[in-house]
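The same subunit A turns up in both complexes below, where it pairs with subunit B and then with subunit C.
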Partner chain A sequence: MYQYILRRLVQAIPVLLGVTFVTYFLVFYAGGDPARLAMGVRSDLATVESFKEEWGLNKPWYVQYCTFLKRLAHGDLGRSLSTNEEVLLSILERFPATLKLGLASLAFAIIFGIPIGIISAVKPRSFLDNILMVVALLGISTPSFFFGIILIWVFGYLLGWLPVSGFDTGLSGIKYLILPTIALGTGPLAVFARLTRSSMLEVLRQEYILTARAKGLGEVRVILKHALKNSLISVVTVLGSSLAGLLSGTFFVEFIFGWPGIGLLAVDAISNFDIPVILGTVIFASVLFVLANIAVDITYAFLDPRIHYG
Partner chain B sequence: MGKISDSLWIDTARRLCRDRRAMVALIFIIGMALVSIFARPLAPYDPNAQVLDEAKSPPNLKHLLGTDKFGRDILSRLIYGAGVSFKVGFISQSISLLIGVILGSMAGYFRGWVDDVIMWLINVVWAFPALLFVVAISIALGPGITSVYTAVALVSWVGVARIVRGEFISIREREYVQAARALGASDFRIIFRHILPNTLAPIIVVVTLGFAGAIVAEAGLSFLGLGIQPPEPSWGSMLRAGYNFLVTAWWIPLFPGLAITLSVLAFNIFGDGLRDALDPRLRV
Partner chain C sequence: MVKRMKIHIEKLYVLIMAAAIVLAGIGGCGKKEAQLQDREGKGKRGGVLRVALTGELRSLDPARVGDTASGLIAEQIYNGLVEFDNELKIRPVLAESWTVTEGGKVWRFNLRQDVKFHDDPSFPGGKGRKLVAGDIKYSFERIVNANTLSTGWWLFNGKIKGANDYREENALAEKENRESRIKDVEGFKVIDAYTFQIELTRPFAPFINLMAMSYTWVVPKEAVEYYGKDFFKHPVGTGPFMLEEWSPGLRVIMKRNPEYWEADEDGVQLPYLDGINIRILRDNLVAFMEFDKGNFDYSGIPPEVWDKVMTKENKLTSKYQKYQLVKTSSLDTGYYGFMMTHSPIGTNKDLRQAFNYAIDRQSIIDNVLNGRGIPAKGALPPEMPGFNKELKGYDYDPAKAKELLAKAGFSNGFPNGKGLGEITLQLNSGGTTNEDVAEAIQDQLGKVGINVKLSIISWPQHLDSVDRGTTQFFRMGWVADYPDPENFLALFYSKNFSPEGPNSTRFSNEEFDKLFEEALNLTDFDKRLKLYQKAEEIVVEEAPWLFISHGVGYVLLQPNLRNMVFLPMAINRYKVVWLEK
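For the complex of A and B:
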């Protein structure tokens, strides 16, 4: 097991190198003169030169990339062009808000998605199943930025139940958390519901379920104890890709609700063309995603003894 | 393709026709395609014509879906916007199909170092949260429709390549492939004539679902201000321009948002139906 964990971590190294490499050159290069691009038209020659000096843009590309990696290893992502704050510091400062929203959305998706999947699977092709699955498909198809807008409109303005933006820590912050959580969590919720349903149906056909029924266990016990456990394994496998959806979704949802996380930081940076911040947030999110996926893989290996750590 | 595979497609079509939801979705998709092709004669107004006297008028007989803050007809803009979404979906999925099939079949057929390199590439792209990668690419390429479909294609080929590779690995050792090799068929012939046709079914499903992803990506990029630039009508940029008017003029953001959701829904339903029809074993 430890060997497996170690190997997964080692395998991640070339991937992470690739991620930083691609991001670095994408953000810095494809648009022409990166310094000019980053500093904008407002900049004079001296500022452009000093920016080039700072990022080593006068040197050959491999030297540049190595310098960048060295700085990255020291946690140095440069400074924001618009606020002059250290990029890593502002990311870390805003990360708790994003984490809070992300975890709340994930919890929301799991708490509602899995029971919906179970209910659908118990009576497949029934009226209730059909309705739930259409709603789930709608949940998958509605982009979070549109769903967020609808939630603001309905619950913020028409009904006036919840605040449409704001942030607060502690218990008083919960009212601000509800709408963004629903906006961000509904997509993964729908994915979990569909997956729980299909893997549950698969499991219910197995012989050990027949055995459990034959020995006179109640239906509730058969479903919740014998079937659910094994169906959940396949739900764990999509946790990784749901995290990708959550991470991308935070960009839009934080922007719409004015939620002060890294998503909002990134969107602001995009509109200001603040290259170091864009670079920093994309790399931060991708590294986070790679690590989260490793965690998912390891959990999966724990849950399913059939997986050979190969 | 011989007789057996012909009947696979006929069976699939028959099963698909019985799936009412998938048929409704297909009709919607065809309708959308026609609308985007015939945008010019269909649109009641010039999508960029500003009539400031009629700015922000709610849906009425003259403007069925109302007008935006410059008095432009929302219906006409939606009709032209359909073309943008379709173009992004079509071009991005064609490019991604091309890259995905070539790299995926090379990896699965030749294995060894070719596979290692391609898998590394796949894992790197896979390591990005997809939409973030699209954002990074379009920042690099600058705003505009070309960078939108390039960005989407550069991300979505990975899905195609993974599936093609997997199918190749399982098919390349089958007896009929061995037989072809024993008869002296070239790698090229084996790949294109004997293996690739048998991987078509899952590829079609991935591309259909990829179309939905492309529409969302275009809308998302334009919503962030990176995609289609105003005044050119696109559903995402209309939503972006309109969401501030939620309270005063709900029709400005609502209709573009609905257009995005409905078309994504149609592609998702059709993709689902197609998957069920192509492989009834997967159906639960």
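For the complex of A and C:
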């Protein structure tokens, strides 16, 4: 198992290199002059040039890329062109907020999504099933930023049950967490519900379920013990890609709710053409994504005894 | 006071809205202040102003404060030699008085002697010391020094005696890792502890305005050296408020400077407020909802709720009448530039005039901007000194536009004419308002036979293409740095071509240049204004811009917010704001 994890981590290195390369290439291909944006539109050419020199921005992009990789190898993501803050520091400062929102959303999606899927599968084509699946379809189709605004409008503004926006740490922060969690978590929730339903339906048709019922096991035990565990494998499979959705969703949800996370940092960096911060956030998100996928694969082994990692 | 030069209208809108939002009268008032509380209609002590800021701040180091969000915060923390009053006239701040000699070349400032820096660990014993003339010199030389990477160097570039030499030598010394041979900027002189003198290379009539800009706010050497690269997040100044917390992406908390030197006209110490809580929020609609819940003290009116809040006559609807409504102007001009180096538009005046006659500015303002604008007749906005009420400008006259097109040889309908082909209008993304205005103009130009295609690209790429001169028709805007016509007319001076200067259209006209240069050497304000008006007439006639509009905004205030003035150029003077109980 440890060997497997090690192998996966080593395999991740070319993936991450690829991500940095593509990002670097795209940033340069897009055009625009980061030095001019950083120094202000009133700056004279000499000032802009000296800024470029200071930051190595006057070199060809592949040279800059190599310098960047060298620094990266030392764990140095550089400093922001617009604020001069250390990029890694900014990311670490913002990460807890994003992690909190991401985990809460994932938990929300699992806690509600899987039971909804089970209920729908147990009574397929029933009224309840139809309603739940329509809701799930809406959940998948509604962009999180739009859903976020609607939630704020209804629960924050009109009804006043929850704060319109805000952030706090500790217990007092929970009231601020609820709406963004729902905004971000509803998409994956819907995915989980639909997947649980379809794989559960499949499993329920298997002969061992018939056997279990024939043995006289109670329906609840059949569903939760025998059917659910085998249905979950497909859900775990999409867990990895849901994380990607959560990460990109945070860009919009953080923006709407004024949530001080990494998504907001990235949005600002893109509009300021702040290359070190763009790259830093992309790399950080990629690392998270790769790690999450490895974790998902390991989870398989626990759910399905047929899967072994040697 | 935030110095932002080219701003897109969208950003401008954001800026106005964003400037801030809420306030809550939280503070109580102790008995010792009972007397203060009895002053009818005058400043009352206490309370915390709650503001929504819809942008991230970049830096609280004045040398690098160039964006609206940072400027709003930094303005509360620092002082400059002078500032703009509510009529946009210069009033003394750190400088008690000043004299100008040698035909406008030498400016001598007499400083106040009762100003102290905020208490900070960077000072011996943590106690702020008195501000002296050396601090002004130090702060100004930081802007000149290339190693500071100040975005405000353009203020002094070529204007201050010895500044360019100092900058070059210091940059070289840094590169060669040696001591600089030039220790001081010749034009910055400490005469005595409370007298500071600036010598210019040649007279620059609007010079005093530069001393009100954010870059020139004064910092203590101790703090800059103590915090080093992190000074931008540990600001230490002499201003009415002190920074208590800055959580990036979340909030900024400032508290009252109990030793602030300034007092109101009755001798009551400023500021009135106990503090300011600023929330960083990105979405204007969310900020508005927070305001309407009572969580911010003021707010703009986002387009999504405009019709709910405002009547057709731009009054408040009954539901929102509990709020105070303030109309603001922003000393800006929105325009589409013609790249004057490009044929055929740039080289054909009739064509450019045809564009100007073809658009109905008032209808765009009424229908697209919800009335938030004033049609632009020329380059100068109405509240700018020297604004010419008599300026004819371009009325909506599609017949005339067609006539001029024909004259220029570009009428589709004329037997011998040839069509103009498709003209690409380039604008930056990031604001549906920009796009809506562009579409309206596209439509109106289409009606006289000018076919326009919109190309919407990101701001960095847009700016880059304007810098390189590769676009022939582009959206741009200008917000005043200071209330002097020079600041706008510099956009047409032939020595100011972009990217080095703000003349993005590369407009060049000998007669204009002559008037502009002559005005710079004059110290008589009224005479200067006359010259500027003549210069502007040339600009209007030559039409390097498609003149569009000047911004107007509306802000809602909570019923108990007092003395909140929204000055153009994003100046927010919280030191005189108070909360009625």
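Everything below uses one rule, namely that the second predicted complex is superposed on the first by the 270 of 310 C-alpha atoms of A that agree within 3 Å, B and C clash if a C-alpha of one lies under 4 Å from a C-alpha of the other, contacts with A are read in each partner's own complex, and residues count from 1 in each chain.
The rule is short, and it goes like this: contacts are C-beta pairs under 8 Å (C-beta built on N, C-alpha and C of every residue); 3 or more make two chains touch, one makes a residue touch a chain.
Note that this is a predicted model, so its numbers are computed, not measured.
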Touched partner set for A:256, first subunit B, second subunit C, both or neither = both
So, does A:152 touch the first partner subunit B, the second partner subunit C, both, or neither?
-> both
Tell me which partner A:143 touches in the superposition: subunit B (first), subunit C (second), both or neither.
-> first
Figure out whether A:45 sits in contact with subunit B (first) or subunit C (second), or with both, or with neither.
-> second
Partner chain(s) touched by A:54 [first = subunit B, second = subunit C, both, neither] = second
Can A:167 be said to touch subunit B (first), subunit C (second), both, or neither?
-> second
Which partner does A:248 contact after superposing on A: first (subunit B), second (subunit C), both, neither?
-> first
Which of the two partners, first being subunit B and second being subunit C, lies in contact with A:268: first, second, both, or neither?
-> second
State whether A:224 touches subunit B only (first), subunit C only (second), both chains, or neither.
-> neither
Doubly contacted subunit A residues - partners subunit C and subunit B = 30-31, 149, 152-153, 157, 255-256, 267, 271
How about subunit A: which of its residues touch subunit C in the complex?
-> 30-34, 36-37, 39-45, 47-48, 50-51, 54, 79, 82-85, 90, 93-94, 97, 149, 152-153, 156-157, 160, 164-167, 255-261, 264-265, 267-268, 271, 273
Subunit B residues within the subunit A interface of the complex | 120-121, 123-124, 127-132, 135-137, 139-142, 212, 216, 219-220, 223-226, 239, 243, 246-247, 250, 253, 257, 260-261, 264-265, 268-269, 272, 284
The residues of subunit A that touch subunit B in their complex are 14-16, 18-19, 22-23, 26-27, 29-31, 124, 137-138, 140-143, 145-146, 149-150, 152-153, 157, 197-198, 201-202, 243-245, 247-249, 251-252, 255-256, 267, 270-271, 278, 282, 285-286, 289-290, 293
Can you list the residues on subunit C that touch subunit A in the complex?
-> 3-6, 56, 58-59, 64, 66, 146, 149, 151-154, 157, 171, 229, 232-233, 247-250, 279-283, 285-286, 289-290, 292-293, 295, 430, 458-461, 463-465, 467, 499-500, 502
